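You will see two complexes here that share chain A, one where it goes with chain B and one where it goes with chain C.
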Partner chain A sequence: MGEVINSSIEGYKDLLKSFIETQDERSLYGVEMMSKSFLKNNILPEEIVDMHIQALEELYPELSQEVKHSMNFLLEAMISYGIKQQEIQSLKEKQFAIQSEISVAAKMQNTLLKTEIPQAKGIDIGAISVPAHQLNGDYYHFVKGKDDTIGLAIADVIGKGIPAALSMSMIKYAIDSYPEESMKPNVILENLNRVVERNVDPNMFITMIYAQYSPRDNKLRFSSAGHEPGFYYNAKENKFTELKTKGLALGVLGNVQYQEYMLEMKPGDMVIFLTDGVTETKDQGRFIETQEVLDPIKKYKDLSAQEMVEHVFKYFEQLQDFKRRDDFTLIILKKEV
Partner chain B sequence: MKPQSSCVRIQKEWDIVGARHVARDMAKELGFGIVDQARIATAVSELARNIYLYAKSGQIIFEKIDTMESKGLSIIAIDSGPGIADIGQVMQDGYSTSGGLGAGLPGVKRLMDEFVIQSEMGKGTKITTKKLVR
Partner chain C sequence: MELNIDIVEERNKSVVRLSGEIDVYTAPQLKEKLLPLTKMTGNEVEVDMEFVSYMDSTGLGVFISALKSSNENSSKLKMINLSDRVYRVFNITGLHEIMDLERINKVER
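Up next, the complex of A and B:
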């Protein structure tokens, strides 16, 4: 860094001289540019003061002792700022390294947890999941059985960030290992509960809804492990009802039984599953009401299910001024007319 | 002839100023520029303040280095205080020993050219630093 200073001193001296003589804005602009280049080259404040002293002494050899002492005093006052500047620089580099590690992890998470929204006759499915930060603690997963049954999991880890992301991979691989067609939603949750209870830190829980839609009888069977309740939209009555369910979050206790619920979907009916990132949306510091969650869904109900979830997401993003506080996941199943 | 070495005991806050003074005088004699003089004084301040705050008493030893190859100042801070449990932690940026405002030991390391720290719980801490005239 000594070189930058040495090569700048003449330029600095000229600018200083011209400013002292004419107080022109051009010199001030010149020193602004110089100061930027100093910052870029990590020149510390005490070195700039030192350069200033040198320039001043060369321009005014008759400079009074009082001014000289005062400049040394100023230099002394800059030392701690110089140390802080170096510290901030090194912390920035560290932060950058951590950031890029996290983005590698996020990419890997996307690959590991990849799921495709299945195409199925008679039912239109839309799904969106957006993490608050880089790593997602929400998760959804689709399975299509041989008899065209669609299995669907939506989950939320209590807790965010890296631990949440890690345990989601475990859930996915557990689900993948089950012989889907032969298992009912409540049995799947009972199995997952054992996996989570055995393998995850005792103060970490996962909430989940597991649902199966069968195109043969148009019935949706589902079980919930303490998850945010979903909604059923009855097209005929143009009315939403909350899907009330009982069930303990995964990982709380070892042996838990889950209840299975069932509903029949008629043409135009919808089922909405979500995570608390949606319901706990804040509008100017206040949690929104359930009705406010449903309003945008109703508004876009004539779009395709995928367009709906995307529009609803955008709606909430705007409502929160584009600051997501929690991971946001929304799934809509729509019985085709 | 000026002394080649000097030792300052640190017991009161006022002793920090004394240590700075000795450091600056020796740095000046060795031909350090004003920027390095100020850096050395600040490093000594930090070392002395750490002794004063955490070990209650200790000393700082100054030695001139004047050989064919190099010229500079060696500063050794020794105390018989509680010692540092986790050196890695105190050497981390953002962790400051003097209440978040001081330079901390990483600051001392940046101000000087060489920095070695040894510490034993219950026995004390020894920090050896050097700055060479460029």
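Up next, the complex of A and C:
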């Protein structure tokens, strides 16, 4: 660094002299070029001030004491300024490193947790999950059994960020290892609860609904582990009802029993599953009411399931004051007419 | 988004008054203050949530670890003056069945 300054001082002195005498544009341009090269060489602000003082004293040895003191005063000010600036620079570099690590984790999360919406006869399925930040604390997963039964998990991991993302893969691989056709939703949750309780940090817990749809009898069986309640739409009566369920979140206690619920889906009926990112939407500073969650769902109910979830998300996104502070996940199952 | 935590120590009892929002940003502060109180054997920890306007699931995580810690250390944990919105979060997650909760008294209001 010293070398850059030493090799510049004569040039700087000439530019300064010429500017003091004539205030010409050319010397301004010259000093601008010089500043750029200082920046490139990480020259500190106080080094530039120091160089200025040297140049000034060489050009005008008769400088008044007041001016000399004032220049040293400026030098001290620049030293403190330079230290702070370097701290900020190093924080920025660290932040950048962390951000790239998170984006690697996010990419890995997408690969590990990849799931495809199954194509199934008689039932139309749509799903959307949008993270509030880079990593998603929500999760959904579909399994298609041999007899065309569709298994579906929707979950919200509490405790966000990287730990949540990691524990989610644990859940997914646990589900994948179960003999899906032979297991009931409540048994799956009971098993998962033991996995989570044993392996996850005491701060973290997971809420989940596990559901199975069987095309043979058009029945949806489901159990909930403390998850945000979903909705059932009865097409014949054109009525939505909340799916009231009981069950403790996964990972809180060791041995928990879950209840199984069942409903029959008739042509045109819908089941809606979601996470609290949907119900905790704010509109003009207040939280929306449960019924308001249903407004866009009613509005778009004649679209296909996938178009519905996308339009509902856009609807909330366009609300005034919409700040997504939580991940947003919505799944709709529609019994075809 | 801010959370004020005010702790009054009485004999064998700590009263924690909260006001503001408990979310992903403020939950770590709450955990830091609340957990040591549950580690004192025989201590009764009462958390007054009357002025908590919002709590998300990260806040629940703090109360779950506080509950676990109070079970391990034979202290007591109780949450009082829960508003409907705050109570709903405990209720949905099934925690109302294993925690000592007292909803806000509507008759008095």
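Observations, loosely collected:
Everything below uses one rule, namely that the second predicted complex is superposed on the first by the 268 of 337 C-alpha atoms of A that agree within 3 Å, B and C clash if a C-alpha of one lies under 4 Å from a C-alpha of the other, contacts with A are read in each partner's own complex, and residues count from 1 in each chain.
Rule of thumb we're sticking to: a contact is a pair of C-beta atoms (placed from the backbone, for glycine too) under 8 Å apart; a residue touches a chain by one contact, two chains touch by 3 or more.
All of these numbers come straight from a predicted model, not from anything done at the bench.
In the superposed pair of complexes, A:L91 makes contact with chain B only, with no contact to chain C.
Contact with chain B, but none with chain C, is seen for A:L75 once the two complexes are overlaid on the shared chain. Touch counts on chain A: comparing chain C and chain B, the chain ahead is C.
In the overlay built on the shared chain, the residue A:P202 is in contact with chain C alone; chain B does not reach it. In the superposed model, A:H227 lies in contact with chain C only, and not with chain B. Using the contact criterion defined above for the overlaid structures, shared-chain residue A:V252 touches chain C, although it does not reach chain B. Of the two partner chains, neither chain B nor chain C is touched by A:I9. The interface of chain A with chain B does not overlap its interface with chain C at any residue.
The touching residues of chain A, when paired with chain C in their complex, are 156, 158-160, 202-205, 207, 225-229, 246-249, 252-253, 276, 280, 287, 325-326. Interface residues of chain B, counted against chain A in their complex, comprise 33-35, 38-39, 41-42, 93-94, 102-103, 106-107, 110-111, 134. By the touch rule above, chain C contacts chain A in their complex via residues 23-24, 31, 54, 56-58, 60-62, 64-65, 68, 85, 92-95, 97-98. For chain A in complex with chain B, the residues that touch the partner chain are 2, 46-47, 50, 53, 72, 75-76, 79-80, 83, 86-87, 90-91, 94.
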